[in-house]
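Some structures to go through are shown next.
Same chain, two partners: chain A is paired with chain B first, then with chain C.
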Partner chain A sequence: MIDLIYKIGHFLLITVFATALGLLFMGIARKIIARIQKRYGPPVYQPYLDVLKLFGKDAITHGFIFDFGAVMALGGVIATLFFIPLGSWQLYSMEGTVLLVIYLLAVASLGMAMGTVGSGNPQASIGISRALTQMLGYELPFLVILFSLIFRYQTSSIWGLMQAQAGSFLNWNLFAYPMMALVAFVVLIGMMGKKPFDAMIAPSEIGSGPVVESGGKYLGMLLLQKSITIIIELALYVNLFLGGADNIFSFSFKMLIVWILATMFGSLFPRFRIEDGVKFFWKWPLGIAILQALYIII
Partner chain B sequence: MNNNFVKGSWQEILDWAQNKSINMLHYCTGCGAIELPPTMTSRYDMSRFGIGPAATPRQADLLLVTGYLSTKTLRRLIYTYEQMQAPKFVVGFGSCTINGGMYWDSYNTIKQLDKYLPVEMYIAGCMPRPEAILDGLLKLKKMINNGEADGYQRYQDNLEFYHQNQEAVLGEVQRTQ
Partner chain C sequence: MLTKYIFVPAAAAFAAYILNKKNKKAGATITALVSAYLLLSLALIYGSWELNQSFNLSLMGYQLEFLMALTPLSWLFAVLTSAISLLIAVFSIDSQADFKFSSVFNLNFLLVIGSIMGVLFARDFLTLFIFWELMTWTSFYLISSGKKKMAGRAAYRYLILSAAAAYSFLMAVIFIFQQTGSFAFEPAAEFLLNNSAPQSILLLLAISLPFWVKAGIFPLHVWVKDAHGNAPKEFSPFLSGMLLKVGFYGLIVVFHQLSFFKIIENTIAYRGLPLLSYLFALLGAVTIITGTILAIRQEDMKKLIAYSSISQMGYIIIGIAIATPLGFSGSMLHLMNHLIFKSTIFLALAAVIYRTGTTKMYEVGGLIFRMPLTFAAYLTAIIALAGIPPTNGFISKWVIYQALIEKGYLFLALAAFFGSIASFMYVFKPLSTVFLGQLKPQHQEIKEVPLLMKIPMLILIGVIVLFGVFPGIQMNIISQISGDLGIETVNYSLYSIQGAFGAWNSLYIFNVFAAGFVIALLVFGLAKKSKLVGLLDTYSSGEYVTDAESYHYAYQYYRPFDRLFDNLAAKSLTGFYETLTANLLKSGESFRRIFAAGRVQNYALYSVLLFVILAAVGWII
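Moving on to the complex of A and B:
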């Protein structure tokens, strides 16, 4: 019984922490982009106000599928969060969590897809089809990287891969396999839908894509979903390439560094068209990843 | 602590959050649209007040009507307004929305926006400069914080009046609800 209460408390703590940290990161990103454009920018706590405002607004539903899609998107990312070690916080550790995380992230995307089907807006359909196409693009190089890491360290749990890099910082995969880390960074930018690869949200073109029909409370929920997704993807990168961390503070710090770099790269580039984005992923990142994989195997 | 007090304080908190975070949908039919890019970008940067652009009507709180409205665009404007979610505000922009401006004796533009949609405030000028827009939006923020910006409630209360006026110029208007 005590064990169960402890576990539920841990669930809630991790969820609240990840949400709050993700919203903070979004605020920091807005500030950084503003400074790059020589603007003052909104305050760092702006996303918290946005969420509060959105949950205070009215919301119109487009039927059961629409509601269910939003819940599935949020639930999918919260479920994913429990399999990712955040510093020393780790709820479930077992073989195969790397692959499990990839599958569960797809659940969140499919939830978004269901929501857009429910809304029936053609721009939302274009957006989600672009998102899923892009997923096809970046998952291939990412899986090649993951399998070569799994082959190298003979473990498929994120915790195990993190432990394998322990000791000196020279053991980090960032320094041991820099090309792989670079590919994973590009993949990370694609996963988060940052600037060169943001064809799926493209506000000026298809009106913010999958979320085009979500207003008020639905948009608030999707904002929370996005903040948790950011944390998951950054945590995955930090665990796989920056050697994780033994406490949550240094882990958050490493995530922040990666996030700032990704934001800066993102604010420099214009947008890829979706087919060009996928072609790019299948040409350079996939090529380099395969070369690196051959190097590891031979 | 009675229920009304709790409700009132919660509403005050929401009003405060709303005034700090406004997503703006600029309905760019008139020449006022040209004043908005400098207001949004590096020179005047409205995002430091928590005002940013919204991509679609569903995500927007504020509808900026930037300039004259022909009867054809008025219909789209009404559809846009009705798609927005409840705490929603309309700001008329430039003299065209106040009294028709230079289109006063045109046969196919409307003269007074206030007769068709509940307008919170006007920003006068032809066209208002970015400073004037920022000043107007800061006043709107103050109004929202004090709970005075209640256009969407006025629209609900006087639905007959607005519908009558709209149908007088447009003929039939498609209603979703």
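Moving on to the complex of A and C:
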């Protein structure tokens, strides 16, 4: 019983922490982009206010699939979160193989896609069709990288891959396999839907695509989902390439560094057309990833 | 008593034919009852792997022996066949009115079931060949009985490919018979092992050709799309779920029981895998990529799923070809799981077609509010197909990935990753265009399908989740099969499988999932209640939206992606085969003009020439 209560408490703690951190990161990103564009920008805590405001507002729904999609999107990422080691915090992370995490993330994407397309707005459908196309673009190089890492370290658990880089910081995959880390960084930008790869949300073109019909608590839930997704993806990168961390503070710090860099890179490039984005991913990141993988398996 | 599995369906087939003339529902009911009977009696003989039966026949001085036996492999396939035909028969009871010739459908369906049983229990080439041909012909009639205009042509293509492959099978078998004097598997395997390796390999390739065709592996996949797309909607689940798999049964027999893998064991190898096996796996990889790219382009829901079947067959052949313990188990798991989720998808689409009468995805939309159960079946099945936990489809793909990474087969893994991620794209297309989006005005009055159609879909949903949480049930029979074939078994328990780099534990996954959803539900439930508005009441950038029909994004859903592959898709393999046929016909025509133009003078000339040649040859000798 005590064990169960402890576990539930742990569950909630991790969820709340990841959400709060993700929202903070979003605020930081808005500030950075504003400064790059010579604006003052909103305060760093603006996303918290946004979430509070959104949950207080009236919302419209387009039927049960719209509701179900929002729940599935948030539930999916929360479930995924427990399989990722966050510094020393790890509930089920010993069980979490890296392939599992990739597919678990898809649950949330599917939920979001289903809910938004269920609204009946064609702009949402267009956004989703673009998002899925782009996903095929960035997942391929990423999976090839995972292939190389798993083959190299003979383990597919994220915890094991993190442990394999223990010792000096020179053991980090960032320094051991810099090309791979670079490819993964580009993939990360694509995964998070940051600037060159944001054709699926394209606010001025298709009315923010997937979220076009979401308002009130639906947008709030998607915002929470987005914040947790950011943390999952950053945590994955930190665990795989920056050697993870012993405690949650240095882990968060590493995530912050990666996040700031990704934001800065993102704000420098104009948007890719969707097929050009896929072509780019298959040309450079995938090419380099395959070369690296060949180097490792031979 | 293995013959009863063949003769009961065969006898019932004619009974069904006659009774169905009286009552439209009798045929399907008999099919369901017979399948249930087969399933039950198969369950009773589980484990008695020493069952066998033989007949002797003296024909024109030859002693012919017909052998049948029960192996774990054939037991599994037999169970899958009877289970899926039971579900399909129950589903089709209410849709008999859709058939042009419903009696003939039931006759042929039962004959297909019986002949598959014959193929599965056969232990000699002659029995195998007879039932294989019977299966091909009866399924040919089933495919061609589809309502579409193209059905006949599609079935014809299927038949031609199957027949050509069957001739190669027959020639190789007769060659072996001349050497060994027996059609049975064991002497043949022994002969092939001791024979010179190149000849044995050639013979076995010839023998395996019909199985490659049936399994729909590149470059012999050309029949699959049209056959699936045009077959009667009730037969498509069986065609994709079971008939393709019988090809894999044959391949496993050739590879293991006829010792193909033993023969090529010591040939040139790549990363510890004989080159020929690697080539087979590469064919699987090409199959995955071709099937996937073509599936994404399709506008016809059945053809889209048919292409997806092609690509999923690629996974199975990869696992069988690399033949590691993990690879084989993954393949067998995927084979079963594909049967389950693909039949579910085809049944759900059959329900849609039953109600709307169209297979074009852009002609329907928004059916979720009218057919929620069909939607649930489709959704569960595609989650499994896309390989998302906690469903059965993830486990099998996960095991296959482990097998590929274990050996470092980069390019096979790349194809497998591609097929898996891209499957999100093609399974989402019907979800989005058929079930979600705007409901067409002419479909406002549509109702959910009748109860007898709901039951099979509900059962299949249950099975998908069951095997997603307890893969040990499947691993139990698979480990017996691999034991029987001499492959090491993988460690497993009821809810976990030990991979090469870590274990899969479905119970944890399930718990965590439940926790995540509870939290999300709490967040959702505690927030303010929302107001329900119609589907047309959406943000449209200031445009007036008047009709639902033009407000539905469905046609060419992935146009940007398709643009990348326009050039490749234009050079389709079907086109290549058609050009080949045309050229053959043309050259045949020119031969005819030279040799048989109908002029007596020519024939006279030929006979004189022949005489001169013969005389010259005789003189030289």
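Methods note: the second predicted complex is superposed on the first by the 294 of 298 C-alpha atoms of A that agree within 3 Å, B and C clash if a C-alpha of one lies under 4 Å from a C-alpha of the other, contacts with A are read in each partner's own complex, and residues count from 1 in each chain.
Methods note: contacts are C-beta pairs under 8 Å (C-beta built on N, C-alpha and C of every residue); 3 or more make two chains touch, one makes a residue touch a chain.
What you are looking at is a predicted structure, and each value in this text was computed from that prediction instead of being measured.
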item: Clash-or-fit label for the pair chain B, chain C on chain A; value: fit
item: Partner chain(s) touched by A:Ile65 [first = chain B, second = chain C, both, neither]; value: second
item: Contacts of A:Glu213 with chain B and chain C, given as first, second, both or neither; value: both
item: Chain B versus chain C as contact partner of A:Ile126, first or second or both or neither; value: second
item: First, second, both or neither for A:Ala34, with chain B first and chain C second; value: first
item: Of chain C and chain B, partner touching more chain A residues; value: C
item: Vertex chain A angle, Cα centres of chain C and chain B, expressed to the nearest 10 degrees; value: 110
item: Which of chain B and chain C A:Phe253 touches, first, second, both or neither; value: neither
item: Touching partner for A:Leu49 - first (chain B), second (chain C), both, neither; value: first
item: First (chain B), second (chain C), both or neither touched by A:Tyr6; value: neither
item: Which of chain B and chain C A:Gly76 touches, first, second, both or neither; value: second
item: After fitting on chain A: smallest Cα gap, chain B-chain C, Å; value: 5
item: Chain B and chain C footprints on chain A, overlapping residues; value: 56-60, 207, 212-213, 216
item: Sites on chain B touched by chain A in the complex; value: 13-14, 17-18, 20-21, 41-42, 45, 47-48, 50, 52-53, 55-59, 61, 84-87
item: Chain A - residues contacting chain C, complex; value: 11-12, 15, 55-63, 65, 67, 70-83, 92, 95, 97, 99-100, 103-104, 106-107, 109-110, 113-114, 117-123, 125-126, 128-130, 132-133, 135-136, 139-140, 143-144, 147, 150-151, 154-157, 160, 207, 212-213, 216-218, 220-221, 224, 273-275, 278-279, 290, 293-294, 297
item: Chain A contact footprint on chain C (complex, rising order); value: 366, 368-369, 379, 383, 386-389, 394, 398, 401-402, 405, 408, 410, 413-414, 417-418, 421-422, 424-425, 428, 431-432, 436-438, 499, 501-505, 508-509, 512-513, 515-521, 523-524, 527-528, 530-541, 551-554, 557-558, 560-561, 563-564
item: Sites on chain A touched by chain B in the complex; value: 30, 34, 37-43, 46, 49-50, 52-53, 56-60, 203-204, 207-208, 211-216, 219
